[in-house]
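Provided herewith is a single structure, encoded as structure tokens, for subsequent inquiry.
In order of appearance the chains are A, B, C, D, E and F, and numbering begins at 1 in each one.
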Amino acid sequence: MSQLKAVEYCAASPEVRAVYDDIKQTRQVDDVNNFWKYIAQHPPTLARTWDSLKEVMAPGALDPLIKELLYVAVSVTNNCGYCVASHTAAARRAGMTDEMFGELLAVVGMANETNRLAVGYRVPIDPAFE
Amino acid sequence: MSQLKAVEYCAASPEVRAVYDDIKQTRQVDDVNNFWKYIAQHPPTLARTWDSLKEVMAPGALDPLIKELLYVAVSVTNNCGYCVASHTAAARRAGMTDEMFGELLAVVGMANETNRLAVGYRVPIDPAFE
Amino acid sequence: MSQLKAVEYCAASPEVRAVYDDIKQTRQVDDVNNFWKYIAQHPPTLARTWDSLKEVMAPGALDPLIKELLYVAVSVTNNCGYCVASHTAAARRAGMTDEMFGELLAVVGMANETNRLAVGYRVPIDPAFE
Amino acid sequence: MSQLKAVEYCAASPEVRAVYDDIKQTRQVDDVNNFWKYIAQHPPTLARTWDSLKEVMAPGALDPLIKELLYVAVSVTNNCGYCVASHTAAARRAGMTDEMFGELLAVVGMANETNRLAVGYRVPIDPAFE
Amino acid sequence: MSQLKAVEYCAASPEVRAVYDDIKQTRQVDDVNNFWKYIAQHPPTLARTWDSLKEVMAPGALDPLIKELLYVAVSVTNNCGYCVASHTAAARRAGMTDEMFGELLAVVGMANETNRLAVGYRVPIDPAFE
Amino acid sequence: MSQLKAVEYCAASPEVRAVYDDIKQTRQVDDVNNFWKYIAQHPPTLARTWDSLKEVMAPGALDPLIKELLYVAVSVTNNCGYCVASHTAAARRAGMTDEMFGELLAVVGMANETNRLAVGYRVPIDPAFE
């Protein structure tokens, strides 16, 4: 028996519903996605994670599209299937085109390659970069 | 005895020098950084990596600053010390401000956190994201 | 054609059966889980891995529940789907409650976040920690 | 020129000082460690990270020692030098003995090994673990 | 709606077809595998990646079987499901036996274990290895 | 105060000395390297790790040079500084030439790149690879 399951709105506590409502209003969506329904099994994690994400992903010195591109870059590097799917969708909603997506993955691929070359050749940091 | 060492311009083969010259001209710098001097120990890797990086990091649908931000995001996630130092410097040269850097790392941190929450709670992909 | 497959008890060599028998007796289970049936394709790996795991996971200065929590923390960080599923189940059998699981994932998430902040800001180690 | 540096108390804004004061009082220490001084370069990250960490690491269903052991397990798996040093020290302050530390690393090592065996042998999840 | 899809030969541009033709001829296969059909959504990535891979995987100081074994080792460590499946198949075509595969995964498992022990115990590099 | 330190032969227990003696004899070296001296702080880890490594790295279907190349590939991918240094040295002792090393890192770099492309494009496994 799996003890992990989604917490749907109808079965949620008022505390959890309040977070769901805020997500739906902030993002202008009809329902929250599975990520929120699963972490809602631990309400303090749901509330804290949403508060943090809302703050971090808000427009600032970097605009929301760039922030979503960064999220995809990290998720791909970490090989998180759910995260790649959900943040690729979020990036498209924020304006990512096919061409941008192609360039994004090209950069992510190259960075992962050169990261290992730097480690393998044990390259010392240039004084100019310290 | 370490058998790894930088290949300096004066000791380089014509093949390696040609790559160094192209890097210096493309980037408008006086000398190449240690990464190139170390991977030059295997000239085919030097030539191929530079050709690829030059193509991937050129302005396109994403501008060079965004590409450098993505490079930092991957390098931080992979914990590559050299790469974090060199690409943070490159991002600053491309226009990254202190505020952008703070927001970049905030996104990278959050993405690494929520990636693990998605894995730990074994969240299934929403049909809308497939 | 897949050349990877489970080695079931009925088809196993006496050497493999002996390991299966010891796993079943030690864990008081009727059958070994897929992990053992798959690595049994290379009998020396089966025997060595079981011997090591049996020693490492035995009660000691840390009790079995804590050891299973640690196993889940590593498996989540590595994004190993099989390992998250099997060790979450093992942790529940060892006494992990829903609340413990929620706190476990909260710590794992935070650690993955602050690990990257430490790398991104290139924080030097405090003398007191050396 | 490095643009990354510690924000010392004497040079900190009232906003940053308030966080430092809370860290010092909560942990009963005379000064905050470098992690906080570096992320203080982006005050919203400092405040949010401290709020989250304070909540997550507080005693709950898991006691503080177990939480620190989990933090070390993640930090070792991610190969974060600063984090391994600082959280190993924190775990010792919370009561970790040499024997516990030895067992902790033994579990972390084994988990990293078996995680890869599960991936390499492409082990399907047992129905009982779903 | 998924915006990711395979680019089949019949629907491919002449530029993409030329790469597919070269892959099929070089590898003596009737069709390219999904990896190429998916990255063909960004033709510059397809062309560059194939050129690089063709150069890197060609016989040299290391023979093709060893190179495929290395590819499997990295893919297992990164937990890339697609890559483990495709490169395990490629390694078998290049001559990998069941026994070689068992030893390969045993080494990969041990390396992942001892990597973490080295990090956790913070082992300083021996002067002889510098 | 650091509580981590090398266990030198002269200060070692008979149990630890026996392992050191076996390492020295097996490898034909005058002293064991730091890895063993540090993990000797937990004697069961020392004994178990040496037993496992000795078995796994012995000549078999794969020769010792190939096994050391695989070890370097994993260590580079995991970004373990100590491990890259020590296993690069071990691979050279086992016969790795400069050219082999250059090709090894080229493969490791490419594998890390294409692993991420496969994840980012969410490539489904070809039926032929199942």
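What we mean here is this: a contact is a pair of C-beta atoms (placed from the backbone, for glycine too) under 8 Å apart; a residue touches a chain by one contact, two chains touch by 3 or more.
Please read these numbers as outputs of a predicted model, since none were measured by experiment.
A.B. asks: Could you tell me which chains are in contact with chain D and with chain E alike?
C.D. replies: The common neighbours are A, B, C, F.
A.B. asks: Considering only chains that satisfy the touch condition with chain B, which of them also satisfy it with chain C?
C.D. replies: Looking at chain C and chain B together, the chains touching each of them are A, D, E, F.
A.B. asks: For copies chain C and chain D, work out whether under half or over half of the interface numbers are shared, and give different or same accordingly.
C.D. replies: Same: when the shared numbers are divided by all numbers used, the fraction is over half.
A.B. asks: In terms of residue-numbered contact pairs, which of B-C, D-E or B-F coincides with A-C for over half of them?
C.D. replies: B-F
A.B. asks: Per the centroid of Cα atoms for each chain, what is the distance between chain A and chain E, given in Å?
C.D. replies: About 27 Å separates the centre of chain A from that of chain E.
A.B. asks: Indicate the whole-number Å distance between the mean C-alpha point of chain E and the mean C-alpha point of chain F.
C.D. replies: From the centre of chain E to the centre of chain F is 21 Å.
A.B. asks: Which residues of chain A are in contact with two or more other chains?
C.D. replies: 41, 44-45, 48-49, 52, 56, 77-81, 85, 99, 102-106, 108-110, 112-115, 117, 119, 121-122, 130
A.B. asks: For the protein chains shown, what form does their contact graph take: line, ring, star, complete or other?
C.D. replies: Looks like everything touches everything, fully connected.
A.B. asks: For chain A, which residues count as touching chain B in their complex?
C.D. replies: 4, 33-35, 38-39, 41, 45, 49, 52-53, 56-57, 60-62, 66-67, 69-71, 73-75, 77-78, 80-83, 85-89, 97, 99-100, 102-104, 106-108, 110-115, 117-119, 121-126, 128-130
A.B. asks: Which residues of chain B touch chain D in the complex?
C.D. replies: Against chain D, the touching part of chain B is residues 79, 92, 98-99, 101-103, 105-106, 109.
A.B. asks: Within the complex, which stretch of chain D touches chain B?
C.D. replies: 3, 41-42, 44-45, 48-49, 78-80
A.B. asks: For chain B, which residues are in contact with chain C within the complex?
C.D. replies: Listed in rising order, the residues of chain B that touch chain C are 72, 76-77, 79, 81, 84-85, 104-105, 108-110, 112-117, 119-122.
A.B. asks: Which of the residues in chain C end up touching chain F in this complex?
C.D. replies: 2, 44, 48, 52, 55-56, 130
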